[in-house]
Each structure stands twice: as C-alpha cells, then as structure tokens.
Amino acid sequence: MRIGKIIGTVTATRKDERLVGFKLLLTQPYVNGQAKGEPLVAVDTVGAGIGEIVLYATGSASRHAANKPQSPIDASIVGIIDSIDVAE
Amino acid sequence: MRIGKIIGTVTATRKDERLVGFKLLLTQPYVNGQAKGEPLVAVDTVGAGIGEIVLYATGSASRHAANKPQSPIDASIVGIIDSIDVAE
Amino acid sequence: MRIGKIIGTVTATRKDERLVGFKLLLTQPYVNGQAKGEPLVAVDTVGAGIGEIVLYATGSASRHAANKPQSPIDASIVGIIDSIDVAE
Amino acid sequence: MRIGKIIGTVTATRKDERLVGFKLLLTQPYVNGQAKGEPLVAVDTVGAGIGEIVLYATGSASRHAANKPQSPIDASIVGIIDSIDVAE
Amino acid sequence: MRIGKIIGTVTATRKDERLVGFKLLLTQPYVNGQAKGEPLVAVDTVGAGIGEIVLYATGSASRHAANKPQSPIDASIVGIIDSIDVAE
C-alpha cells in the first residue's frame, strides 16, 4: 500500500455502473510529510474525508477492498492513518 | 483510476480480434489542469469523445470495464469527469 | 495499451518452453513521433515487423493476447497502427 | 521482488478488516546500500523488524505471501536478507 | 519481458517457504548495452548465471514461469539471451 492525502473529490455522472455509489477521492502520494506527485482517483471503502492521510491500494487488491472483484476499480482507500513512526 | 484527456484516436486494421468494435482513444494523463506525459491507448466503454476529461483504469480492471476479462485490453475509459474539486 | 516501434529482435535459445515459437520483438515506446526510453521484449501475436508502429499490451492482458494465460509472457504486440490522429 | 529497508511502522485504527493483525511496515527501496525513494507500506509475513534489509513483493504476489488472496494487500515483506553479493 | 544483466545473488535464510529452493538473482535492467537503474531480485527458472544477459518477467507472469501460481514470486528469469539485433 502507499500513503496518500485526500485532496479533493471527483464527480462523474457518466461512468461504469459498478462505480456508482462510491465516493471518488482525489488522492495524492504523501512522502516525508508532503503531498506531491500525480494524484490518482481512489474509491473510498473506509469513510475517509478531505485532508486525511490514508493507506491506498492499487491493482486487483483495490477491487478486493471494495468487494467488487469484477469491477473497473484499480485504486481504493483501505485505511485511515493515525500515525507514521519513522525510526531514528 | 487516473485522470486523462482524450487527445486523439488510433486506427489499427490489423489487431487482435477482441479489440474489434472498440474505439481506441489516445489518452494523456491530466494533472493540475494540464495534459502531459506519455499518452496511452484506452478502449472506450462510456462514449467519451475528443477533448473530454475522463477517468481511466489500467490492468485487469480495464478488462472488467470492457466486460472482456479474457482480452488483450490493459486500459479503458471508465467515466467522463464533470468536475474535479480540490480542497483549499 | 501503449504505442511502440519495433526496433529489433532478441534471440534466446535457452528459455521457458512456453515462449518457444513466438517472435521476440524489441519494442521501444513511441511518443510524439519518436521512439525513446527503455525497450521491452514483446511476443508477436499479429505478424508485426521491424520498423512498424504497434500497439502493445503488458501484464496479464498480454497473455490473453497470446492465448497463453498460464505462461511467462508479460508483453505482447496486439495491433499494427495505421494512423494516429491527434486533435488540434 | 525488490530490496527494501524497514524504516518505521504505520498505525491505522480504521482500516479494512482483512488488514487487522498484520504489522504495517514502512519500507523504503534500498539501492546500492542506501535507502531512498518513496516508501511503501508492506504487511509483514516473516517477522521483520526496524532497520532490517528485506525482500518485498508487490501486486498479487503479496497476497499469496500473506495467504490472503482476496484481500486489499498489495505489498508484503517475504524475506529477511542475510547478504547481497554483487559480482566484481 | 525486460532485458537484464545478472549482477549478483541474494541470500535470505528467513523467507517465505515457497521461495525455498530458488536461486535469488540480483538482476539489473540492461539498456543499450549497459546495466543501470534499480536492480530487482528474480528467481531463476532457466539456469542463469552471474554476468549473463537475460529476459525477465514480472508480475503474475513470473509465477507461471516458476510453476508456482500461488506464491509470493513477482519476478523471474525466463530466458538467457544469445543476441540482441537492433535494426539500423
């Protein structure tokens, strides 16, 4: 999994029907305390909100997270991070 | 999923027969309001057109989008984006 | 799928037996009319030749292209491109 | 697999239930004797600890490592490295 | 598949039991006659040795190469290259 920050949302009226009902969260990689790089759009499976630091999974793992193994999902939020402890 | 812009089309007369009947859309990653980086070729599953900002999926997710789990597809357009709301 | 240019061939006498019988084509990503970046080795499923501009698929999609879902293939040529039309 | 260094841990109270019970290890790619680049979060399947140099797998391989093929896991620690011998 | 050079070996006493019995080969991407970039650790399925130029596969393809579809393997050596012929 990767660490990301939820920086926004995406709205798409016309979309694959298996995406209906999921929040589409704009998620930016979060490295060394900074959100940077190309954001991706992940479906929310844990009730994440704007500004939160999250764990996200990509590929087939993300479909298992959403309990939709036969869907077009390729990225999901799978956890909300409480703390990141980096060893000295 | 990633955000992309449809910047063109690709024609291939000689191709895997499981690609026949799909529009092949040249799709460029779209970051911070700008299309940039290496374009990929995605099959259209939602009726997307030139200039539209879309959601695309890659890998096995894209075959589910096309309802062709046993095909050579590795990228599909899965939604047309109405709005991207980035939090302040 | 990605766009590539066939720039050569690879010969490997000692290889996984499921690769026997496939042409192994050295394929370079082709962006904005230029072949550049790290080439990969794709199996040919459409009769592609040196110098041609092609569509290639990677990952499990490439094994479906080759009709070998249980093989070590992770990249296949799946189409020969006639034209790339980029919108103005 | 890739070589990484365990540089920390991540805590997430709210997470996919299939991640419960796994240590979430912050793992940084380790190249030429140096940890560098974007860390990922891998589940521990071998009893790895802070500071250790490990082998990690990504994608569906990591779910097999965790014996959870239907889970949201996309990265796992699969070995603890004793030595890396680079040929002269 | 990608082209790589075998530049060393990795030893890991504590590892997933499905990796036992495989040589773990440090494999560096090989581009334009030069080994460069982040090495990965691939299992050997063809009897490759130090210094050899090889074909390697990643992802689920590599598990088929090793005939271990349910294992943590995500990279395998699948061929030993005799020659690379780049067209003029």
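Per-chain residue numbering starts at 1, and chain names A, B, C, D and E are given in the order in which the chains are listed.
Going forward, a residue touches a chain if its C-beta (ideal position, glycine included) is under 8 Å from a C-beta of that chain, and two chains touch if they have at least 3 such contacts.
All values derive from a computational prediction rather than experimental measurement.
Visitor: Shortest hop count from chain A to chain D along touching chains?
Guide: Counted as steps through touching chains, the separation is 1.
Visitor: State the smallest step count from chain B to chain D, taking one step as a move to a touching chain.
Guide: 2
Visitor: In whole angstrom, how far does the Cα centroid of chain A sit from the Cα centroid of chain B?
Guide: Between these chains, centre-to-centre, one finds 20 Å.
Visitor: Cα centroid separation between chain A and chain E, in whole Å?
Guide: That pair's centroid distance is 32 Å.
Visitor: By the touch rule stated above, which residues of chain D touch at least two different other chains?
Guide: If we look for residues of chain D contacting two or more partner chains, we find 59-60, 62.
Visitor: Graph of touching chains, which shape: line, ring, star, complete, other?
Guide: Here the contact pattern is a ring, one closed loop where every chain has two partners.
Visitor: Going round the ring from chain D toward chain E, what is the chain order?
Guide: Traversing the ring with chain D first and chain E second gives D, E, C, B, A.
Visitor: Which stretch or stretches of chain D touch chain A in the complex?
Guide: The touching residues are 7-16, 18-19, 24, 26, 38-42, 50-51, 59-60, 62-63, 70-75.
Visitor: Enumerate the contact residues on chain D facing chain E in the complex.
Guide: 1-3, 29, 31, 45-47, 55, 57-62, 64-65, 69, 76, 78-87
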